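Mind looking over this structure? Questions follow.
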């Protein structure tokens, strides 16, 4: 059982690739076979697995979500922190904040085109906490 | 490996906060570091992590889902159990029914604003079964 | 820790029931209590838990997603592989590609109406890789 806390400073609404941080953590753990769980401790950002090659996928995802849950102060009862507040919670509930990925042959067994991303939904920069937990055998 | 089955009687379509049940289960398990998986055995309700402070977030979530997948008997082929039948399956597929949360220092390591909720999607009251499984070390 | 790789040949856009493969894998593992994680190594298909009894649920889900994220070459910046390319990534992000299910009394503890499905989002046939990982005790 190996656990590590990562802190990611996001620049505001955007996808941030954290694949390298997680694959390095797994490599150093010396676990041959197992699972790595990644957990985001927030309700206005997400943790997703996304295509890692063409940056326009990220633009299309962002535009899709803007249409699906538009920023608005009048459409939602909860808008204390601004028009991007409630849409961020909706985006978080529609995606994920806990992902488990297998470890095989000492490596995080992501598919060729899979990357792990923090999706910051708030417009402003935020500090986001992530806990990665490895369960497995040497 | 510690496993416990919870049964929740829901009052019909609504978010039900089960954070206390899960945090107590983890506290009693005497596990220092690990993971707690929570699994809902149904396809017309969800298990989500949601903002735990402002109750209007729950109203906004419910209204968002009503617009996204409206109750209807004519829009769906599957409506045996009524107009809320198929939308409930859609809501379940768009959200989650299995969540893993890290255990750190003997506690469920939720973020400050994170609560764990059963989201009942059916209009009528239902009995919902949840299995919580803890993996970790003392 | 028992791990197995499954390869599924999908016939194009469709839900494919893989419940039997996973329940058999768990049965043969001789684990009394634990967790089985199922992970799909792709970003244009999903792994979901869905109602397993009425086939029209699958049609309704498919029609819902077609309305929500329509196939289009003009609506998305990313359309290298055709009009079904970007919608497939969106569908994948909105659903799931990693699911953990409890093991209880040597069996995968799915609910009565729960089945595990690969949801192929691309129009063409694809070979999809899934890794199942069991953690538990005899």
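Chains: A, B and C, in written order; residue numbering restarts at 1 for each.
To be clear about the criterion, a contact is a pair of C-beta atoms (placed from the backbone, for glycine too) under 8 Å apart; a residue touches a chain by one contact, two chains touch by 3 or more.
Just so we're clear, the structure is a prediction, and the values are computed from it rather than from any experiment.
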| item | value |
| --- | --- |
| Angle of the C-alpha superposing rotation, chain B to chain C, to the nearest 5 degrees | 120 |
| Copies chain A and chain B touch via same or different residues, half shared test | different |
| Computed distance of Cα centres, chain B from chain A, in Å | 20 |
| Chain A residues counted as touching two or more neighbouring chains | 68, 94, 96, 100, 135 |
| For the chain C and chain B complex, residues of the former touching the latter | 33-35, 48-51, 54, 56-57, 59-61, 64, 68, 94-96, 99-102, 104, 109-114, 135-137 |
| Contact footprint of chain C on chain B as seen in their complex | 1, 3, 37, 39-44, 68-69, 76-78, 80, 86, 89-90, 92-94, 96-98, 100, 129, 131, 133, 135 |
